[in-house]
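Encoded as C-alpha cells, the structure appears first; notes follow it.
Chain naming follows the written order as A, B, C, D, E, F and G, and within any one chain the residues start at number 1.
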Amino acid sequence: MASKAFKKFLPLFDRVLIQRFEAQSTSKGGIMLPETSKGKVLEGEVLAVGDGMRTNDGKVMPLTVKIGDKVFLPEYGGTKLLLDEKEYYLFREADLLGKFD
Amino acid sequence: MASKAFKKFLPLFDRVLIQRFEAQSTSKGGIMLPETSKGKVLEGEVLAVGDGMRTNDGKVMPLTVKIGDKVFLPEYGGTKLLLDEKEYYLFREADLLGKFD
Amino acid sequence: MASKAFKKFLPLFDRVLIQRFEAQSTSKGGIMLPETSKGKVLEGEVLAVGDGMRTNDGKVMPLTVKIGDKVFLPEYGGTKLLLDEKEYYLFREADLLGKFD
Amino acid sequence: MASKAFKKFLPLFDRVLIQRFEAQSTSKGGIMLPETSKGKVLEGEVLAVGDGMRTNDGKVMPLTVKIGDKVFLPEYGGTKLLLDEKEYYLFREADLLGKFD
Amino acid sequence: MASKAFKKFLPLFDRVLIQRFEAQSTSKGGIMLPETSKGKVLEGEVLAVGDGMRTNDGKVMPLTVKIGDKVFLPEYGGTKLLLDEKEYYLFREADLLGKFD
Amino acid sequence: MASKAFKKFLPLFDRVLIQRFEAQSTSKGGIMLPETSKGKVLEGEVLAVGDGMRTNDGKVMPLTVKIGDKVFLPEYGGTKLLLDEKEYYLFREADLLGKFD
Amino acid sequence: MASKAFKKFLPLFDRVLIQRFEAQSTSKGGIMLPETSKGKVLEGEVLAVGDGMRTNDGKVMPLTVKIGDKVFLPEYGGTKLLLDEKEYYLFREADLLGKFD
C-alpha cells in the first residue's frame, strides 16, 4: 500500500520509518486517542528499520519490530519527512507504544 | 470481563495494557486515594504485557506482572487509548505501585 | 496492630507498604523532626515489601527491610493509599532513612 | 563532487564530516521537510568519519556510516565549518537520521 | 559523650548518624567555615552507620567511616532528627568531607 | 613555535593543553567559522595531554590526540590560562572536533 | 611551608586538601587567569588526599595526585575550610585542571 520510494531510505540505529494509516471517520476496531486528539490517526505501518543500537560493549541489538508490523504511535515525538511527496515518520523504537494484528 | 478487542494489542518492551475497574460509590476492601482523588478508580486488571526491556547486553528481561493481575495504579502517568470504544491504559511496569488479590 | 486488610496488597519491586504510628503528644524515646514538622509522626511499621529491584543483568535484589521492621520515614515523598478505610504509605526502600528497635 | 580540501580534516571519535547537497527547486525522489523548512536541504554526503567512540572498557567502536554514504540530517544540530571557502557540517553519528541510496 | 538513645537507630544503606560537636567560642585546632558560617559547628562524631549501598550486581559495599570517627560535615545537606530530645543528623557517607584525629 | 614554558604544565586525566594559532586575515585552506565568529581562530596545536580518563574498573584510557597534533576547537568551552605571559587553553579531549594535517 | 595542622585532616574518597599559594604581584612563570580573575592565585599544593572513589564493583580507585604535587585549580568550586586559622580548600580530584613542576 505504501509507496516504494521509502525503500531508498534506511533508518540508522534504533530508528523506524513509519507510514501513518489514512484517517478514517469511523474506527472499526481501530485505536484512537479520544478527547485530546479526536480523529488523529496514531496507527501506522513499519516500512523500514535500522540495524539496532549498539550495546556498551559494541554489539548490535537488533530491533524487535519488523517491516510490515502495525504499530501504535505516541501522540508526540517522531520526525516527519517527505519521500516522493508522501509523508513518513521516523521514531525511535523505544517510543513506539505497541503493535497489533 | 474486559472486551476481547484488546487481544489485538501487544504492548512493546516493558509496557502493560490496563483496564481500570468501574468506579464504585462504596469501596469494600478496595484501595482508593482519599482527598485529592475521591472516587477516582486507581485499580485495574492487566490485559496484556510486553516482552520486557532488554538489558545492556541485549537480553530480554520479562515482566513480573502477568495477564489477569489486579494492580494498583499511580494517580498520574500512563497513556489512555481507545480500543473498540473502550478506554484502556498503557503503563510502564515500573510505574505500577503494587498488585493485590 | 495494623489492619489485616493490607495483606491483600503486594508492593512491586523495591516498594514498601508502611503504616505510620499513631500521633502521640509526648515522644518517649521516639524520633521526631522538630520545628518544621512538630508532632508529625514520621515513624512507621513495615507491613509488606516488594520482591526487589532487578539488576541490570536481570537478577532480583531482595529488600533489606522486612515485615515488622520499625522505620523512620522522610518528611516528603511516599504515596498515601487507603485500604479498608485506613491510611497506608508506599515508599521506595531507598527513601527510608533508618530502622530502630 | 566535494572539494578535496576536506581530506585534511579528520573528525574525532564519533563525529562525521558532512557536505550538504546543493539546494534544488524541485525534489525528484529527494527527501525534504515540508512546512517548517521548505527548501532547506537536509541531505548530504559523508566526507570523513572519526575512528569511533571508545566503550567503557576502552575499546574503539567504529562508525557504521562510511565515506560516500548519502545521509539524511536532522534539522537542528551539527557544527558548521568552512574549509577552503566551502561550508561543511560536523555531526555526531547518532544524530544522523538515516542513509539512502 | 553522646546519648545512648541513638543506639536504637540503625541508618539504612549508606547513611551515617552524626552528632555535631557543641559550639565553642574559640576553635583550638578545630575546623570551621569562615565568613559564611562563623561559629557554625561543622564537625561531628559518627554514632551509627548503615550496612552500605548495594552495587549493581547486588553486593553490599560497606562504609569507610565507622562509629567514633570524627568527621567534617558539609554546610548544607543532611537530615536533622530528634532522639530523646537531642539533635542528630543523618548524612549519606559520600557527602561527608573528611575525617580527622 | 610555542613557548617552552608549557612544558611545566601537565594536564590531568582527559584534558589537553592547546595553543591557538595566530589570527590571520586570510584563511588559505584554514578552517574558520563564518558569520558568528568571523576571524576567530579556532585551530590550535596540542602542547600537552593528560594520562587519560580512568574507566569504571580503574584502568587508564589513554588519549587519542598527541603532542603536536593540529586540532579544530569548538567555539565555546575550554579554560583559558596564562603561562609566561602567553595564553593557552585547556580542553577535555572529547570536546575537540577534529584534527587535520 | 604549610602548617602541620592539616595533618589531622583526612579527605574522604576522591577529595584533595589544597593550600593555595600566596598571592604575588608578579607572576614569574606562574599561571594566572587574566581579565576575569586578575591576581587571583589559582595554584596550590596538595596537602592530603583521600583513599579514592570506589568503583561500581566495590574496588578502591586510588588518586593520581599525591601529597606535595603543585596543582592548578579551577576558578570556581572547592570548599574553603579553616584549620588552625589558615585557609585550605577541598576539591574533588577530577576538578583539578593539571599539575606542574
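Convention: contacts are C-beta pairs under 8 Å (C-beta built on N, C-alpha and C of every residue); 3 or more make two chains touch, one makes a residue touch a chain.
Everything numeric here is computed off the predicted structure, so don't read it as measured data.
A.B. asks: Which neighbours does chain B have in common with chain F?
C.D. replies: none
A.B. asks: Among all the other chains, which ones are in touch with both chain A and chain G?
C.D. replies: The shared contacts of chain A and chain G amount to nothing, since no chain touches both.
A.B. asks: Where the CA atoms of chain E average out and where those of chain F average out, how many Å apart are those spots?
C.D. replies: Centre separation, chain E to chain F: 43 Å.
A.B. asks: Need the CA-centroid distance for the pair chain F / chain G, whole Å please.
C.D. replies: Going by mean C-alpha positions, chain F sits 24 Å from chain G.
A.B. asks: Do you know which chain G residues sit against two or more other chains?
C.D. replies: 56-57
A.B. asks: Report the topology of the inter-chain touch graph, choosing from line, ring, star, complete and other.
C.D. replies: Topology of touching chains reads as a ring, each chain with two neighbours.
A.B. asks: Name the chains in ring order, counting from chain A in the direction that reaches chain B next.
C.D. replies: In ring order, starting at chain A and going to chain B first, we get A, B, C, E, G, F, D.
A.B. asks: In their shared complex, at which residues does chain G touch chain E?
C.D. replies: 5, 8-13, 15, 17, 48, 50-51, 54, 56-58, 79-84, 87, 90
A.B. asks: Looking at the complex, which residues from chain G come into contact with chain F?
C.D. replies: Per the stated touch rule, the residues are 27, 29, 31-34, 55-57, 59, 61, 64-65, 71-72, 74, 93-94, 96-101.
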